[in-house]
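Same chain, two partners: chain A is paired with chain B first, then with chain C.
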Partner chain A sequence: MAVVTPAAPTAHEDDKELLISGSEAVAEALTLADLDVVTAYPIRPYDTVMQAIAKKISGGQLVAEYIVAEGEHSQFEIVKHASTVGARVFCGSSGVGWMYAMECLVVTPPLRVPMVALVGNRALDDPGAFGVEHNDALVVRDVGWLLCWIDTSQEALDTTLIAYRVAEDRRVFLPLAISADGAFLTHSQALTMVPPKSKVDQFLPRYNRGDLLLHPDNPITVAPQANEDWVIEIRRQNNEAMARAVGVIEEAYADFRRVFGRGPENPWFEEYMTDDAEVILVGMGTISLPIKVAIREMRAKGRKVGLVRLRWFRPFPTEKLVAALSKASALGIIDRDYSFGSPFGSGVVANEIRAALYNADRRPPLMSFICGLGGREVTLEDVYKATELCYAAAKAGKSDPKTHWLGVRE
Partner chain B sequence: MAETTTFSNATQILEPFRGVKRVTIEEYFTSGHRTCQGCESALVMKLMVKASGPRTIVLGSTGCMYVANTTYYTTPWVVPWMHTQLGSSGSAALGTAAGLKALMRKGKMKTEPINVIAFCGDGGGADMGLGAISATLTHKEYNSLILLYDNESYANTDIQLSGMTPYGANTTFSPPGKAKRLIHTRWKKNMAGLMAAGHPECRYVATVCASYAVEMMNKVRRALTIGGPTFIHSLDPCPKGWDYDPMLSHELGELAIETGIFPLYEVEDGQVKYYGKTKALVEGRPRKPVREYLLKQGRFAHFIEEDLEHFQAKVDEMWEKWEIPAVVPFRRLDATKAALSAKS
Partner chain C sequence: MAALICEVVYRGIFQKNLAARITRGIVLSARKSGRWGIAFGRYGDSPQRNGIPAKDFAIVADTKEELEQNMARYEPKHVDVTIAVDDTLSKGVESWAWYGLQPINRLTVPNGTLLMTSLQSFDSLLKDIHKKDAPYKLALLRAKASFSGLWVYREDHTEVRILGALARIAPAFLTLDGVCAAIREIEWGSDLKVESAKKAHERLETREVRMSEGNAEIPYSFEMPKWWEMREGVTIPAIPVGKPKESGKGYVPERNPYFKKFTTRTMRPVIDFDTCVKCTLCWIQCPDSCFDVMPDGTYDANMEACCGCGVCEAVCPVENCITMVNESVFDDNASQWEMWRKDKGAYKTWMTSKIGDKNATVRSHGFRFRGQYEKELETNLDAGGVEITACIPGENSQHKTV
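And then the complex of A and B:
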């Protein structure tokens, strides 16, 4: 079911249309979601969302506790605790700021705290760089965070609403990170449909912490020392919550389409011209733009190329992705991240997809690419080069195990 | 239980207990923990929530009072309790208070003043968590109490030195040896003074010792009543870390105060008020020699005369040189003093 993405979201008579950045779109969604507590700390590029929320609060559109923390560690701890007493919370960071909060990020899933965070993807230090790389958000891929990538301001707004719906579902109760490419999305404006509050209220119920609420009327002890007696069972519960999230995400997207009249049928990934594609390229985030342009150019010359843009990384849509990819003659996985010393020296997404394909009946040759690190522009030439290498692998009938770095000075 | 009127500062009005016989009988920290015999910090926990009463949420950062108190399947806490990370007592207090405030303000939760207390050990509070506590003490919109229980080492992990371990003490990170008698030569941080001096809008900072239980509870009650973020530093003798007979915990607490090593005072709206035996010291009662306190503890058994003299000299300095004795180590220059007295 390959759908060509419509150029603009479906307009609705009661939607407002605003020219806003990805970060501003998230702030619009947070206002509609009636956020209770938010903590800010500056680091580029995610912090534009905190600036936008501050304006919402000072402008009177949103009533929330806005706390400027003294570092990311506290930033995430404060909202974690606010969530345990029943508050809907939001937080976020970028690059090494996200890393500074790492201790707090790992404790959130086992505490079953459904915070929503924005990661404005940024290269890790050193050396300093503001540009996008996905390694920051990817560090939480093993510890129980739901993790997705967005591509447009509209998707930023819609995904933020869906994020609360999914994370706060009692069957899930896990934190959720929305990854947005620094600058390319956090700072880039596009026309965005902002729905009315009445529709959001139909879609998003109030956060109900239930019997996990920390309150004098419910005197529970949370997170006692468990040791070898119970930790493995708690890990298993986390794993099961992550597995249940699959169904909850599908429900949420279906309901989103029902209420708002837009949104994808397939929550997990966007397919662009994949129906008849011989080569399918795979990427996450705003890299879709140069790839889509390149695909149109190549198709004009008879190359049947398509794109799968992965939205959800955790939970990883293994079966659906295998079904979509295994029909191609060759795959080209384009990582905007690295994993030094990993199998084949590939990026994280390439190796996840290799693992997902292991049990597939049909495993197309797979080529792994790393490009666009530190925010370097991904050019049409880079995409053409990747595609030609994929065609060579298709012709040879086997993967080239080498990981190719694109657009690098040699 | 009375309440103050303005919402932003609404707190429970907890009047001081007038004598030990007036203390409420209910316990909110009971059986179900496995702290060491003679553990003064366990007593501090018990007194802390006895003082605060049942409408309280307690957050506990990693340390003895986490690991030894809450082993899964048991809990001594009758009030809601939650673990927070080692350096997060400040953030835990702030986040919990902010969550409650947001929900009450927006009509999503029944409005009532709920005490929020976050505790930390000396490692979690004075070392790792100092920044977060400092930040919380500037957020005057949120009512909370941060209580630092100071047993002067990382006692849960095998007695390693912290920024609050006294000069020269033997810990597993500072063992005395033949080549080097003293490994740990840093002087202990002045936590309460630091918190009071550094946070002009924090309305209440106090030092306490559980050897004086009623006064200790009353400081907790004052901290929770006054509103905004508050800070209490409790000195807790630790039989395991200090190496003494567990029956001496109470006596060692007294000696820490009588020698002037640990002063008892409160700073309310900037006013310093000494209390208990510290007040007597300020009013002229002689301080006991520090050796009476130090030599009762195995952690100072390697001290020679020179070490005892150095320790005594540093304590004397606190009392004789500091502008506000044993509270703030600043000293005015003689010229400034002269100019000020000339003006007055």
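And then the complex of A and C:
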């Protein structure tokens, strides 16, 4: 079987090619999106983004308010308020910095503030560590944030533009967090196509807050005290916005392809060699790289293995994912996160997929793996081991309910 | 199989501890005859604000299952006894925006009892209490409203008098012996309080109320919007800017159309427009922006917005220009300024009668001098009435007299 190399981003005449990190790619996108207000408070690895934006402003390429807050709580509060008066805003953090902003993070969805944030995924303290884990961003998975994971600098740039298009759509008006794996993406420079502003203007309309705009000409009160007579209606509205985001995301990706001539057909997840796959591995973020390499090695030896790299975690692409996964003989879900005390002790993604498959006509045996915590390398051997366990489950015709920790000293 | 359900409608903060003691006392008293019970508050009216009506409940039942059956809802939809320990609540209850006006006897079951502490006559109270589509009993204990603060409690025996009265109203659940035994054991009980409960049991006055009796006013109500009718983003339209009153003069602010504060007051300001110096202090200091600016530059307290806090009286620099008067002596919420403009002489007579009524100008909450509580307690225990004294609360009390 021929070895398939991942397709390089399609270059167009008017694109310019830059060697930039995921963080710098986000800053390029923010410049193209004509960002209005950005707040900053340093924490690794997110700080690479705030530095890249600062450079854009000091270099005169971007005119925006750059506010250094005294902590993440204020950092997220300030952009929340700026967004209610009609500013296009950007924010971000990592690990426990994101946690410190938690009060603001939970009030942003009910206020329907289309904040776009970059989470440079980082292990939660303690121990104080800089490496990637997905638990930081996943903490807001239930409260109305749109959540996606990116894999490359190109995807960082493209997804940032798409993020504003989706979040600022009147049908959605929800905050959106783009997760980028610390170090692997935030600190790795790759060749990236940067489109011209003229194209971005075709794709991304101005932010129009409409009747929710806080302005003297539109006198409103935002976030009054409410009691049990109102809360469930407000939650119902939020739920509806999240449901509407599904269609809006598909529209945005289709339009992105039309304007820029690149981008995935399926916004929700990337499928790598899944067409004939017996075993499908599932993961989020840059973990895709060792998995893809391992898959190519295994395919050379006749093992039909594929990868589904999940881009969007909220809204969760339940039906599409079930259709893609249920055809396999076995599934291996590789979580770069943990959920202590959860069903089967599995990671968050594994249990979401278990739940999604519950009503599926065909439920392949499912193996759950926890791997690469704290930024530890996910090795090819880890992937081989996971795959072999999946084949064993396929042969046995049933799931092994145990969650396997890979790459841990034992 | 039987259960007794009681609600205590109380003034937020001022009667918070009192209401909790009453409901707790009901359960502990019924326990003496082997009943099961629960005492609870629902904070739909939260955050409790000074004077805003709130509720506590007590349910006692023969069996645990029956107790659960009555508890399996947010709060009871009907009650055997409604208890109000401030008779200004007879005008109805509006706890929160969009609640509308709820008559005090709304939850009382047919032939149930509305138990109040009051110095008013039955007829006077029935001018305020809304008509009900079923007969019920009005039971009165002769006492004034018992108010205290967030951190203090007024030991005027109101809680045990209510329990003594309940032993008369629902003897199948609360025997007098059970009530007395419970009071003796409870952490705030005493032999003196047992005596008070017994006196209340004897002295309770009860009268049947027919369907034809009561205030005929139709209580206002609001329909709450569906989720898809609500503006998104926890956003509501702001209250619009107000308008000049007449010929471009004066100013009347727009107000929340879904929250009238008529029933939140225990007292209201009565204003002498002839002595007003137009200093603006009442208008500026009012926490509820209740003052309308009149074309002549005086300020009219709009009863739709007045909470009865008394700040205007405290800040007014003119003696007797603003006087807080108990809500029970007013029959409507009409504009005082319009009354004054129409007939200044008649207004003067009306105003003088209100602010000259010493029973009605005694503060229902807060104290005006040190030692007032001890003095009132002494008088209250037997007579059910108090000496009237008026003064600025606190250290400067000796400097003001009426």
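Everything that follows uses one rule, which is that the second predicted complex is superposed on the first by the 404 of 410 C-alpha atoms of A that agree within 3 Å, B and C clash if a C-alpha of one lies under 4 Å from a C-alpha of the other, contacts with A are read in each partner's own complex, and residues count from 1 in each chain.
As a convention for this text, a contact is a pair of C-beta atoms (placed from the backbone, for glycine too) under 8 Å apart; a residue touches a chain by one contact, two chains touch by 3 or more.
Everything numeric here is computed off the predicted structure, so don't read it as measured data.
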item	value
First (chain B), second (chain C), both or neither touched by A:222	both
Contacts of A:110 with chain B and chain C, given as first, second, both or neither	second
Which superposed partner A:64 touches (first chain B, second chain C, both, neither)	first
Greater chain A contact set [chain C / chain B]	B
First, second, both or neither for A:359, with chain B first and chain C second	neither
Chain B and chain C footprints on chain A, overlapping residues	219-227, 229-230
Chain A-facing residues of chain C, complex	43-44, 46-47, 74, 96, 98, 224-228, 230-238, 240-241
Touching residues on chain B, where the partner in the complex is chain A	54-57, 59, 66-67, 70-75, 77-85, 87-88, 90-92, 94-96, 98-103, 105-106, 108-109, 114, 131-132, 134-135, 139
Footprint of chain B on chain A - complex, ascending	34, 36-37, 39, 63-65, 67, 69-71, 73-74, 77-87, 89, 103-104, 107, 206, 214-216, 218-227, 229-230
Interface residues, chain A side, partner chain C - complex	110-113, 173, 211-212, 219-230, 232-234, 236-237, 240-241
